[in-house]
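See the structures that follow.
You will see chain A twice below: alongside chain B first, and alongside chain C after that.
The block that comes next holds the complex of A and B.
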């Protein structure tokens, strides 16, 4: 009883936060709401008996958010005296896309045969580590390579000017190469 | 007593003691720095100036509660308490003796790193919401430094985890009690990992020589520029708490925690923590501030590869020599 009460309260807060992420006009506020959503999701993982996942969620995703915020502030234009505003005029396509994604995911979730509620004790970090390096080793390594490829891709995209005709790099003008 | 009650009561006790030590350390630091520079420090208020803290606190509370007109007032108010909250949360998983601990989590070290990493949020918010260019520059520097040093911090904290084969603080300490402290054995990885961990903790707490986010000669007071009164006091307090808790963590995972002869465990843990805490003051008043680029070069070019190497060496050591539970 208490557990489901906490669950619904938590879920409500997560949804509220998620709505605020897209509805906030101030970029920094939006990103902060995203951080709130991610932290609450970590709490959700904790409730579902996955403390390791909760810790990793905090360490990686919220850590990623702060970077996102920095880039958001550095790379976007300032419209007002304070803050960076975000808004989009294409609301209908956005809503349709969101609905389509929601439909697809809901469909997939309802069709999968999931265990009702985790009845077992929390999964220890040791078990997860073992599983990664034995049963799921290939998937784990493939994911690592995928991440590495994404990272290299980002670097290549970011430094495109180095490969093009015009070497118009910002920091090469200033000082040392 | 249920685990929840136990955690609540001990958490409250530990938090109170830590905050008290952090406040007292401000007096100690003044006296200590004065000795190092042939000055006297506080002498007038109470014996040896010990009541100076009370005087400072009273002064801070009396100050006008200033919020800049163009600041983001909600975030501006939220930032200081959250800085203290996230910093103190880390103390929940640190065992001060076999019994004095709030929560002995299975993911102890991960929790410590994850929640400790959140501290950069309120610091950034404090700087951004002030709507002041010096505060924003300070916040940018704090975040850049925080993200960069987080990586070697995590990797160097992994060395004791690998050696003890557990992320639970009490397991790490019992392995050290059974064998040796990780800082002296296995010779090499443990010691170097401790040095890296210590350097990164200093950088995360923005202490000299890594205090470029609040470099007062360039940025007025960095992130705290617009803060006055008790809000400033909270931000300042969080910094002291951060170094104190980092010392406790280092004492637990590298110096054997409560392990030691003759005296009860709690005494040893407190002694080790305070010794490391003292070292931080010592470093602070001995060195000068790094430049921004030197700071980044130190992290990315030296600490990061070295800490990666250390994790591998530790893993090889465990594989071939076998330690831990």
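The block that comes next holds the complex of A and C.
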């Protein structure tokens, strides 16, 4: 009973935070609301018996991603003057559509008799590590390639040299153009 | 001490080859830019780009060979018997071979185009190879996790490639649009996968099949969301709005690559998912596919008529072709699936060829985009005009070309499973499509040339790709069951398509 109370309270706050993320006019506020959502999701993981995932969620998302996003916003000049335009004429139809979809899916989920999966004991980091190197080895390896691809992509999109107007670069001694 | 799992590394050979190729290219670019003393010549950007493109082509050729050998050997091998996420079988090796071939052709097509834009960087080929490795993982995946990872590994490099010409605003717009819509689609797909996992308690196709119950509303919602996620990738109506903008804004060589390979990979994965994880289609799902297929055919063809831009017109035409391909999904028979595979091969050659002509006409990075600018091309560039006319005839489905043979097979499958109305819609809309496809040959052969600044000479890479595509379109259209080649004897492509999907039906 207490558990479901905590769950619904958490879920309500996560939803509220998520709405604030997309509805905030100020980018910094949006990022901070996102941090709230991510921390509460970590709590959700804890409740589901996945302490390791909760830790990873806190470290990676709140510690890493949010900090990077804040830096990104702060370093972008005059971010407070930009004022994100969030109002639009399609707000009402959009909300109605989302509600209809939510209703349909909630209806489908409530009408389903879910099989009673045995509630598992908290999964230790040791087991997760073992799974990475045995059963999920291929996923683990592919993820590293995926990260490489994302990194190359970010470098390509962030490169300045394409904007020069000088003739073709010729590399001479020591690889310096 | 963890017991070492019994791994079968050789199964991963195609992906490993492609991934190694991409890293070779990344390292090679650094090494080559310092190699002027060793090589004894000036090292220019375009020289490096050409060498790296050659490297990419070499590795794709190796992959093509490896998957061809695996296909000839037949049999099913899994990577890890304890948890088979990846499976090498006739279907995956055949589709992998098709993907490797089209990626190879795209690389050859890009060299001169990129050099003229002065963006012939090694990263381009590295990204192409990384995305190809994602596609190859996806088509061989027998687990939802591997499907999702493959899909992301395929998509992320393509988002970047769409914006590779960073000086052009439209290229940036194209990349951003594709990225936003693509991530949205991935999220929907992932949600669907989560629901399916909740119903069946496993992510492998085997577990899904065991736990899937068509009377279970949540399972149906999950399957529906997964299909919607893929529908974005194959630009099925009503999830197609991004397609024309992205195809138009991206550099033409990138459009050529992604319009072909993404479609092949996504359709192949969908076939495997539906055949292996969900068994024969339920009647309700068949109805949904029926409606989506009809909508996609109609909207794609109608919208293509009013386009004045070649790339947008080809984008809507690719939507229409996705609709024809979906007829195969509606039938759900071995005949329908093998017709889809054959159609995908035909589509690969004719679409790559059509975009290849657009690439070959681009002058110093100014794409030849207006349909009107094709006027009188037969006078100024007779060779290009001839192959373009051939590709347009094939896309329209005129007998004697690969496009006709593909449509014929798909429509036959529809008739044999009783979908007469779908056949009627398909044939009627094919007739409509003749109008907009034939506009280009008519302009090329019956109008006077305008003052257009087309490129006046063709690069050897582009020429080779166009010749290969044109010959393939003719050969697949005239004798699909014995394509003559000098090196390998006659190839029976129809039989290959049958054999590749046969494994889903216990063949």
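Please note the rule applied: the second predicted complex is superposed on the first by the 107 of 177 C-alpha atoms of A that agree within 3 Å, B and C clash if a C-alpha of one lies under 4 Å from a C-alpha of the other, contacts with A are read in each partner's own complex, and residues count from 1 in each chain.
Definition applied: a contact is a pair of C-beta atoms (placed from the backbone, for glycine too) under 8 Å apart; a residue touches a chain by one contact, two chains touch by 3 or more.
All figures in this text were calculated on a predicted structure; none of them were measured in a lab.
J.: Using the touch definition from the top, say if A:114 reaches chain B (first), chain C (second), both or neither.
T.: The answer is second: A:114 touches chain C but not chain B.
J.: More residues of chain A are touched by which partner: chain B or chain C?
T.: In the superposed model, C touches more residues of chain A.
J.: Just to be sure I read the superposition right, which of the two partners does A:122 touch: chain B = first, chain C = second, or both, or neither?
T.: first
J.: Based on the superposed arrangement, let me know which partner A:137 touches: chain B (first), chain C (second), both, or neither?
T.: second
J.: Once chain A of both complexes is superposed, is A:156 in touch with chain B (first), chain C (second), both, or neither?
T.: Second partner only.
J.: Please work out whether A:105 is in contact with chain B alone, chain C alone, both, or neither, and reply first, second, both or neither.
T.: In the superposition, A:105 touches chain C alone.
J.: Touch check for A:146: first (chain B), second (chain C), both, or neither?
T.: In the superposition, A:146 contacts chain C only.
J.: Both chain B and chain C contact which residues of chain A?
T.: Residues common to the chain A contacts of chain C and of chain B do not exist here, since the sets are disjoint.
J.: Enumerate the contact residues on chain C facing chain A in the complex.
T.: Chain C residues touching chain A: 2, 5, 7, 12, 19, 26, 30, 32-34, 36-37, 42-46, 48, 79-80, 82-83, 85-86, 118-119, 121, 123, 126-127, 130-131, 133-134, 137, 145-146, 149-150, 152-153, 156-157, 159-160, 163-164, 166-167, 175, 195, 198-199, 201, 211, 216-221.
J.: Under the touch definition given earlier, write down the residues of chain B that touch chain A in their complex.
T.: Within the complex, chain B touches chain A at residues 70, 72, 75, 105-107, 110-111, 113-115, 117-118, 120-121, 124-125, 128, 131, 140, 143-144, 146-147, 150, 154, 165-167.
J.: Using the touch definition up top, name the residues of chain A that touch chain B in the complex.
T.: 28, 32, 35, 39, 51-52, 54-56, 58-59, 62-63, 66-67, 69-70, 73, 81-83, 122, 124-126
J.: For the complex, give me every residue of chain A touching chain C.
T.: On the chain A side, the touching residues are 104-105, 107-109, 111-112, 114-115, 117, 130, 133-139, 142-143, 145-146, 148-150, 152-153, 155-157, 159, 162-163, 168-175.
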